[in-house]
Amino acid sequence: MSGKRSLLSGAHFLNGDVACAEGAIAAGCRFFAGYPITPATEIAEHLSERMPEFGGIYIQMEDEIASMAAVIGASYSGLKSMTATSGPGFSLMQENIGLAVMTEAPCVIVDIMRGGPSTGQPTLPGQQDVMQAKWGSHGDYEIIALSPSSVQEMFTLTFEAFNLAETYRVPTMLLGDEIIAHMWEKVLIPSPENLKVVNRKKPKVAPAEYLPFKPDDDLVPSMACFGEGYRFHATGLTHNEHGYPQTQSSETQYKLVRRLCEKIRKNADRIVKVEEIMVEDADVVVVAYGIVARSALSAVRKARAEGIKAGLLRPITIWPFPETHVADIAKHAKAIVVPEMNCGQLVREVERCAKTTPVAFLSKFGEEPHTPLEILEEIRRNN
Amino acid sequence: MVVKEILEHPLSKYLRTDMMPHIWCPGCGNGIVLNCFAHALDELKTDLDKLVVISGIGCIGRTAGYTNTDSFHTTHGRSIAFATGVKLANPELDIVIVSGDGDLFAIGGNHFIHAARRNIGIKVLCVNNFNYGMTGGQLGPTTPLDAITTTSPYGNSEHPFNLVHLAAASGATYVARWTTLHVRRLTQSIKKMMQKEGFCFIEVISPCPEVFGRRNKLRTGLDMMEMFKKASVVESFSDPAKAEITSDRIVVGEFIDIEKLSYEKLFHEKIAQINEKTMEQVS
Amino acid sequence: MPERIKHKPLDLEKVQVPRAEIHLIKDQCKGCGYCINFCPKKVLEESDEINARGVHPPKVVDESKCIVCSFCTAVCPDFAIFIVEKKDKEESKT
Amino acid sequence: MAEKKEPQPKEGVEQPRIGVYVCQCGLNIAGSVDCEEVAKFAATLPNVVLAQYNRYTCSDQGQAGIQKDIKEQKLNRVVVASCTPRLHEPTFRKACEEAGLNKYLFEMANIREQCSWVHLYDRKAATEKAKDLVKVAVAKASLLQPAEEAEVPITRKALIIGGGVAGIQAALDLADTGYKVYLVEKEPSIGGMMARIDKTFPTMDCSICILAPKMSDVGHHPNIELLTNSEVTEVKGYIGNFKAKVLKKPRYVTKDCSACGECTKVCPIAVPNEFDVGLAIRHGIYTPFAQAVPATYIIDMNVCLNKEGVVVCDRCMKACERQAVKYEMKPETVEFEIGTIVVATGADVFDPSTIPHYSYGKYPNVITSLEFERLINAGGPSAGHLLRPSDKQIPKRVAFIQCVGSRSDRNGRLYCSNVCCMNTIKDSLLIKEHWPETEIYVFYVDIRAYGKGFEDLYKRARKEGVKFIRGLPSEIVEDKTTRNLWLFGENTLQKELYKVNADMVILSVGLESRKDSEIIQRLLTLSRNQDGFFLEAHPKLRPVDAATGGVFFAGCAESPKDIKDSVTQASAAAARAGILMAKGKINVEAITPIIFEEKCKACGLCAKVCPYNAITLNKELKRIEIAEASCGGCGTCSAECPFGALTQSHFTDEQITAQIDAITEYDADKKIVAFCCNWCSYAGADFAGVSRMQYPPNVRIIRTMCSGRVAPKFVERAFARGAATVLVAGCHIGDCHYINANYQTQKRVEKLWKKMEQNGLNKERLQLLWASAAEGEEFASKIRDMKAIVENVKPEEIKTAQKVFEKALSG
């Protein structure tokens, strides 16, 4: 599909990685830095072809550490920028994800999850990086993570991820998995004019008055870029609103780290998205995300057919975690079933919010995801 | 002597005066490098709005905070990778990295050789003080054999990098080495570097009396500078492989000065071609 | 030309040797001594006073000896000294 | 060619018929040698068919006489006893050849430089020595063999040392002829003295105005490679085939310099400008004068603040738009081959501060004529205003004092400096021209206005009212308040004392040989006269040739002269060099080795010691082969051969042996048998003579081309014949005219010393001397020392030596 210097729109038959790439371009991403890794490689390959058509940059760096650093650099130069990787690369990126958080660099990190730890299972799906996405870098912070469960969502959520990153000046992650990445599906792409692209806030004051890390009411500072004449400083050190290091000041550290967390927490309602199917009257609610949610949905439908009041809560936003939604369903549901392709990661968040409501965890990994039957049985068991 | 009203320092417009005085120890060469850099900017009349100073971690890493330009203080060793993003995203910007030998060549070594190989338009000013100063004087990739550091208490057994040789071999288009005593030539080199396309590298041998000198019979900055004076020989455009650094011989000078298309130029030319092509296809 | 020179140059006065105005920003000085030590004309020496940083900043011994090579300005790590070259007008005044 | 050199069997040799001619050289020889007696003695010698003495054998009649005798008296050998063969051997050889006698059948006895001049006050001894020398020459002559010369090519390039007007003229002439020229100048710019002078006499042209165009011609000439700020450090080889090394000292400014002068403006260093004799300031980075060639500026690193390698001050570097300033420039040595060399090194100006009663350097208003030139020069420090140093006022009364440093045995030099009279007359007119009212006195010894247009100028000066007073002041006294000067002296024409008051006194200083002449003298093995100026091969017939083949003189290096003469001589030198190069080839003396194949054991020792690798050992044919053209003719191979299978033609074993025997025929136990190499030590001995250095008359010099020719057996034979002492003298190690042949000399002498010690002989009796052509005094004092040794040698020591070296007598 090369040579067409235009955004896709209409119906297309794509695989997840390509959909992701197209979503990024549609969102205005013009910089990609990455390093080849299965099962995310196709994103890089596709962007290496598409980026130049939009005057954008594709660069393959020497490793994922460098990729993440370059992404931040490009972001500070004013381009919407991203990288894509899988578990091992994601680990290497954590250092500079921390830097992106600290310097509030808008950027998108796509992690196509595979089986770990370490090199693990390059060609099989997993959901094992959910916690790393949240806590992977040292220190206290909040990020945003989205979980697509279809090729369509690989497009829309990537697009969304950029808008969120730009709005909140925070690294935003797309936690896909090997199946969705490599799966081919029909994707409906709205025409550009129907796509709402969000750009970062620019300073409204003269360079002399500009304080690069002074937040507005939404706790997010406006962002000048290099070369715009603001001559600002940014650092990974604890810094004041000037961006100058103040490593000895407990007050500065408290104020800064607090804000970095709260700009996400306090805006959680605006950020969080979930899909709720038949949960209003449900006794058993399945909480599932990513590819697993698709088995879960058919399981729920089968359960209803059997007369079991089952429902599905699918967190589209994983971080910040949709606490209120889970809490609400927990009020009337008898039980919550959580199938995950790991030994139990997001289930902990569910349990935390479910309070007294029992939570059944259905773990499966190292092979293809849960079948609807497996989940159906678990629903029956908890009915 | 007539007492004069204290005027403002002529170079202060290149500095973030509100960040001054800098954190560096008495006799530390970092201030001299900053000074030479400011001199170079002054002589070049560089547009400060188009200049980005980037540094990594370490004493000299603070430089980014002291220059009155856009500046970024990255994680340890990542300044070059970060700068790669900055430069590619906006080729109009002049990018100067001021960082230390440990930052650029130990933890950041991989980024250095690849940026040089790509010949991306980044100018690297490496201040080599032979050790990790900020953490109290541990051995690093440039610590001379047998030198005493807090982590080589019996003398260093590692062979140091010859940075100019490394840079030349990796493909840099401009390579020079001076000491902080060679302020004039250093300033000239910085000017030259900033006017060149592609990846450029200057190594500055710099005194670190407080944590390195003290342990190696060079108690004060003056001792170290006098040592530089005695030891250094200017051998411009000699073989960088032979440009050794020993206590009685420091080969300084310009080693490489060649023209080579930069990565960003080549890449953006490609973009232009593709767009022409696609235009044709569209029409 | 090995002729021995026996007479004072006639244009000795006319010759333009740059004249300096030395500015010290004493409290910025950290006392490294580079300016004092490397001055080719030995114009500076350590003073007895103690500045804000608790070191002895340099003092000017003989400003007229300064030939405005400005090495001190260039080698000072702390931007604590700089030279202004006196313009001819000022010269005629002095 | 080798077989041609085969000596005919003894009996085959025609009976020698030798003619001996003893030259009186006016009184040069006759003054201390009884030439008639020497001639009478010569007549008694074997094979001598006629012997006569005459006033100037080198004169045309002298030569004609010899030629007549060759034809009529059937002379087949000629011996002339006169000056050094380094001077006239070519003259007489030519004469012989014209008369049909092979020039290798001519021999000389040096009874001037090495006899009459060094024994001025002992006529008897000098005469005896002269006889001895003639006998030695005759002994060799009887054994001389005719020979033919090989041809060697001449490199068609010239080296000119010195970029004054003489050097410039020579360079341009040769370059215009089409030869490649290397012009080496010590100073940063060419131009020399003439560039510093205001006007030239007698025509009163502006000196620099007529010189500058020539200078820039040199700068632009495609055939001229200009090497300024450079010095010749080594010259090896021989006529037509020299190799020179030149040290190019760094200018610290590259050719990119556009001579805009911005750098000078900002340079904080100010020192007196040598070019203006210190009357004006120049900066650390400068150009010596406006018209300098090359125009490229130069940094005087001795005064530059960056001399310690660190750039402390970069004001000039910053000021230079072309970025031509390079503080790290290093000296470099360039090497090239040339066929001819012109020495145009010029002269120094006499230092009047050595004359106390003129108080130069003490009284500010006493200046030299050179300083005057700068003062009166519009381009000079005072922009042409004659300002007297004390108060920068224009003087009303000016006094010139002539012959300062000239024509005096007490104050300065004996000779007349040739240019001072006319220069003063010119200067006086210049003053009159600008300030007609000025009273001008000229105190002189004689006014010498011998040249074309000179007398008219002199007359004009008198007409303009310049007062010429004969008799130099005996004293100058300064009036402490006015700084005016009182001159006291006697007017030797009026026989009355004078007391003249002057605002300013100008000392008309003479010219003297350059202090550094010795370097060039050593490099090119030249001779100098007692005044220190370079000695021409013949004062009349070869006035611009050096004794060393392929070397020529131009300008004041040879003697003080004015611009016109310098230029004339320069063109002459260029022409002489041109002739050589035009020919493109030259005959090398037939002094190459002769092989006696039957004796050769093909051991290859000769090949090992040959400095030119001219000998190769052919292992298959078990013999050695000699490449004539590459042979330098040092004779080291012959000295090395243990089997007597090699000998050097014209310096054969038997010839040298005959010379030794002649010397030691009587009073051997009182004599010094000396072997001197042609280029350094023999020339040094000549220089001793030229300088009239006196030394004992008991030395007899045998000339070889190189000390490497001196075979141990010669020394041994001398001792075996009862000689008291032997001297072997050569060039300094490293200066050998034959690359390194004198290393062999050293080895051999050391061997001999060992042998002498082992046999209980006093090794002091064999002396080794390294003396350059300049070291006449070293030679003389060596002979003095050796006299003492001679006196201490006891008869029994002589006997033991004779025993020890007995073998040397046979074969």
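By letter and in written order, the chains are A, B, C and D; residue numbering begins at 1 in each of them.
Just so it is clear, a contact is a pair of C-beta atoms (placed from the backbone, for glycine too) under 8 Å apart; a residue touches a chain by one contact, two chains touch by 3 or more.
Predicted, not measured: the structure shown is a model, and the values here were computed from it.
When chain centres are taken as C-alpha averages, the shortest distance to the whole-protein C-alpha average belongs to B.
No other pair of chains shares as many C-beta contacts as A-B. Each chain gets a centre from the mean of its Cα atoms; for chain B and chain D, those two points are 60 Å apart. One simple way to say how far apart two chains are is to compare their mean CA positions; for chain C and chain D this gives 52 Å. Rounded to whole angstrom units, the spacing between the C-alpha centres of chain A and chain C is 63.
Work out the mean CA point of chain A and of chain B, and you get 37 Å between them. For chain D, residues touching at least two other chains, in rising order: 310, 312, 314.
In chain A, no position touches at least two other chains. Within chain C, the positions touching two or more other chains are listed as 38, 71. Because contacts link the chains in a way that matches no line, ring, star or complete pattern, their graph is best described as other. Residues of chain C touching chain B in their complex: 21, 23-25, 28, 30-34, 37-38, 53, 55, 59-60, 63, 71, 74-79, 82, 84. Chain D meets chain C in the complex at residues 187, 265-266, 268-270, 272-281, 305, 310, 312-315, 348-349, 351, 353, 360-361, 364, 367, 370-371, 381-382, 387, 389, 392, 515.
The part of chain A that touches chain B in the complex is made up of residues 3-5, 30-31, 33, 52-53, 55, 57, 59, 61-63, 65-67, 69-79, 81, 95-96, 98-99, 103, 225-237, 242, 244-245. Taken together, the chain C residues at the contact with chain D in this complex read 1-12, 15-18, 38, 40, 67-71. Within the complex formed with chain D, the chain B residues making contact are 43, 181-185, 188, 229, 232-234, 236, 253.
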